[in-house]
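Both complexes below contain chain A, partnered by chain B and then by chain C.
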Partner chain A sequence: MDNEAAFARALLDAEAAVPEWIEGRDGGGAERRFSVYRNNVYASLVDVLAGRFPVSAKLVGDVFFRAMARIYVAKTPPDSAVLLRYGGGFADFVAGFPPATPVPYLADVMRLEWAWHGAYHSADAEPLPQEALAAFGPRAERLALTLHPSLRLVRSDYPVVTIWELAARDGEDEPVRLPAEGEDALVLRPALEVEVRRLPEGGAVFIQALQDGATLPEAAARASSSSPTFDLVASLAGLMRSGAIVGMGESA
Partner chain B sequence: MAASVSFGTSPVPPRGGVGLKPEHYRTILDSAPDVGWFEIHAENYMGEGGPPHAYLAAIRARYPLSLHGVGLSIGGAGPLDKAHLSRLRALADRYEPALFSEHLAWSSHGSVYLNDLLPLPYTDETLTCVCDHIDEVHDAMARPMLLENPSTYVAYAETTMSEVEFLRAVVHRTGCGLLLDVNNVFVQAANHGFDPFDYLDAFPAEHVREIHLGGHAEDEDAGGAPLLIDDHGREVADPVWTLYAEALKKTGPIPTLIEWDNDVPAWEGLFAEAKRADAAIAAFRKSEMRP
Partner chain C sequence: MTYQTKTISGVAVVSAFAAALSIVAFAAPAAAEDEQEKCYGVAKAGENDCAAGPGTTCAGTSKIDYQGNSWKLVPKGSCETMELPDGRNGSPTALERDRPPA
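Up next is the complex of A and B:
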């Protein structure tokens, strides 16, 4: 049935003619009727993206965001009926989308929102209790940590967490001074609530190393070499407290 | 965290049910409303974990459940997505829904998912294809499925049989049940110019296991003829309730879902519609008892 291919093509391409074997009522013209499907496809997918990136949509305004999303949908329609997975490439698209260049941090805010979405739907796991680490004490040299499956890192040259927090806030816009430095975000859902935290210097390198399977000393060494002020004790305590660690053991 | 629990088979009762929406999770658990059952869109629960599964498990522990797929593309020309089928099976195994349904429509072409329920021509060729797909679903799911009648805005020149003839043939060949969407019948009749009561008369009511009621929007086509849009964005229209009362005479009391997927109101709005379905079923039972 090549009908389906022609139907699908005409759906996605607003310039394409409606196939002549598509009919309206009593064999009549179907141009206007067919456009209902066209609108449904685009509007519903743009709605999915607007719902997935609500803070980004607020930052640039709904009209701009939806126009940009429509172009993304045309270029990259979903490849799965599981729409929970749709939109993973949208931030990269926006990073290379010339009309968005006046808002250079937009793509990073979108990466943060995508991480939030991923954490929300990720697998569940029980964080280890605070005391677990102490029990390991003397053998910490070979300690490897299993991090929570919801854990995601977003590293940015912009103060992405601050921008995200401010934009998410409703009400009057009071003037604020944004930090000059970039921020790294830890996104985590230890139970049912997604939490977003700013990481201290070296924190992201440390967590990334742990995620890649490095032992505790190896991860600490990598973090220290990237940021001399990296504080292992504080970073580890922070991870523990936030519920980011779900397992620990001696690495082989 | 997600210990496996057995919910057991709790049959979906012949009462009003409601399409489950995240914005109502808390209210449902806190207020334990007297609603007959819930239906979920399967694809919304195909994430690995998190609040959707936690809330669904809690609600499933208290109410019967119906699993409604929107993405299988049973009316598509290509093969079914095997990975999607196994995701559906996993959901059904986990939540033990008493009903499982999908649409007479297609929604994917090749690797592209179009996120709409698209119409197909009714021919011998598409009939064979749909029946093969339903056989495959039956094998994969190990439970019977219900096929839902569609609402459509266009027709195909090559169509050789009526929608009801097509559905009858599918039921005959595959043994599947039917989900009668009464709003879709109303929309279909207005959009293609036939009498919805004639459609109901011809519909094989003895195979209907579930009814859908949803809202539609009113528009016109280029020739000024009415064009109703099945938008699930408002209350069920009065003439659809009338058609529903007629459908009950043919099907008998049957699980009836209120579908409200866009501009979703506060819980009370949906609950009121479910109670209206309960009242219609009660009125039907009463009329049956009259000599």
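Up next is the complex of A and C:
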């Protein structure tokens, strides 16, 4: 193992010995100073995660969230120098983290926050104006849609959008009836601000199919196969209204 | 149980598309009603939307109230007329006032 790899390993593993070629002041051991370095690495990465998942951190409290994040950092250090990309696997980790099982919706709230983060930093694109949509209308049966690059879907067995909204505005004490059903979310940044919307039954299957390149009739067929109550008009109107459509064309 | 994929006719899709468009056209707010613009120098500390530059890198990171190089989205047209303490005004471009110490 070369020096750099040994140094990196010792940084992330508190049990690991400090490489013996590192000298402290006056040629003595470097244990204490290396621990300061180690702690700074952890603290900065935990800060990154706490900043990336602010609503989730509120839901379980800062102490629990940071302790959980610290374990994740130890297991999954960043694999890119770009910290914007750090944290994509955190929700999956939390889903399998036993101490978090009393909060079963936490992982989905984190997936929603990760989608929000991805949408925020995705490429800009101009939604098609209504006139352009109208011009394509007569050929709709042969068309595939190009959806906005910021578009993300989050599907949940829990009312994840409602939970996220309430926690985000500190509304935990508001009298509210949580929906018994799960919610699917559409996350999109049509202009400067990220928007989170609830999708109707079958909406997520429909949009996923379109994202995969299906034509409108194919996507509609998949959605109504999965949800008998799928409403094509409402789902199309939702896509148009939210600015999710940035291009249309005949499928190859 | 047999898995049956429903088919949707092209005619149905064309008419659904037209119906969706008419819903959207009907419900669309009057132009410019809900537009927003970036407004510098009006956000309270930590409540800015985003900005680049020394002292503030992104959303929620401005250090002081009404920081001149951080911005917030506000309804279009309200930026420069917004009333702020001590005779300050917002601006659609970054301001030199109220910068955090380097």
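Here is the rule we go by: the second predicted complex is superposed on the first by the 248 of 252 C-alpha atoms of A that agree within 3 Å, B and C clash if a C-alpha of one lies under 4 Å from a C-alpha of the other, contacts with A are read in each partner's own complex, and residues count from 1 in each chain.
Note that in this section contacts are C-beta pairs under 8 Å (C-beta built on N, C-alpha and C of every residue); 3 or more make two chains touch, one makes a residue touch a chain.
Since the structure is predicted, the reported quantities are computational estimates derived from the model, not experimental observations.
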Superposed partners chain B and chain C on chain A - clash or fit: clash
Touching partner for A:192 - first (chain B), second (chain C), both, neither: both
Which of chain B and chain C A:217 touches, first, second, both or neither: second
Touched partner set for A:126, first chain B, second chain C, both or neither: first
Chain A residues touched by each partner, larger count belonging to chain B or chain C: B
Contacts of A:233 with chain B and chain C, given as first, second, both or neither: second
First, second, both or neither for A:180, with chain B first and chain C second: neither
First (chain B), second (chain C), both or neither touched by A:63: neither
Contacts of A:241 with chain B and chain C, given as first, second, both or neither: second
Contacts of A:84 with chain B and chain C, given as first, second, both or neither: first
Segment of chain B that clashes with chain C, given the candidates 2-10, 20-28 or 74-82: 20-28
Shared chain A surface residues [contacts with chain B and with chain C]: 192
Parts of chain B lying in touch with chain A, wherever the complex brings them together: 1-2, 43-44, 46-54, 70-73, 76-78, 81, 84, 87, 106-116, 118, 121, 125-126, 129, 153-158, 191-193, 219, 221-223, 225, 227, 229
Residue ranges of chain A in contact with chain C within the complex: 130, 133-134, 136-142, 192-193, 216-217, 220-222, 224-225, 232-234, 236-237, 240-241
Interface residues, chain A side, partner chain B - complex: 1, 3-5, 7-8, 11-12, 20-34, 36-37, 40-41, 44-45, 48, 77-84, 119-126, 149-150, 189, 192
In the complex, chain C residues that touch chain A: 3-14, 16-21, 23-25, 27-28, 36, 38, 49, 73
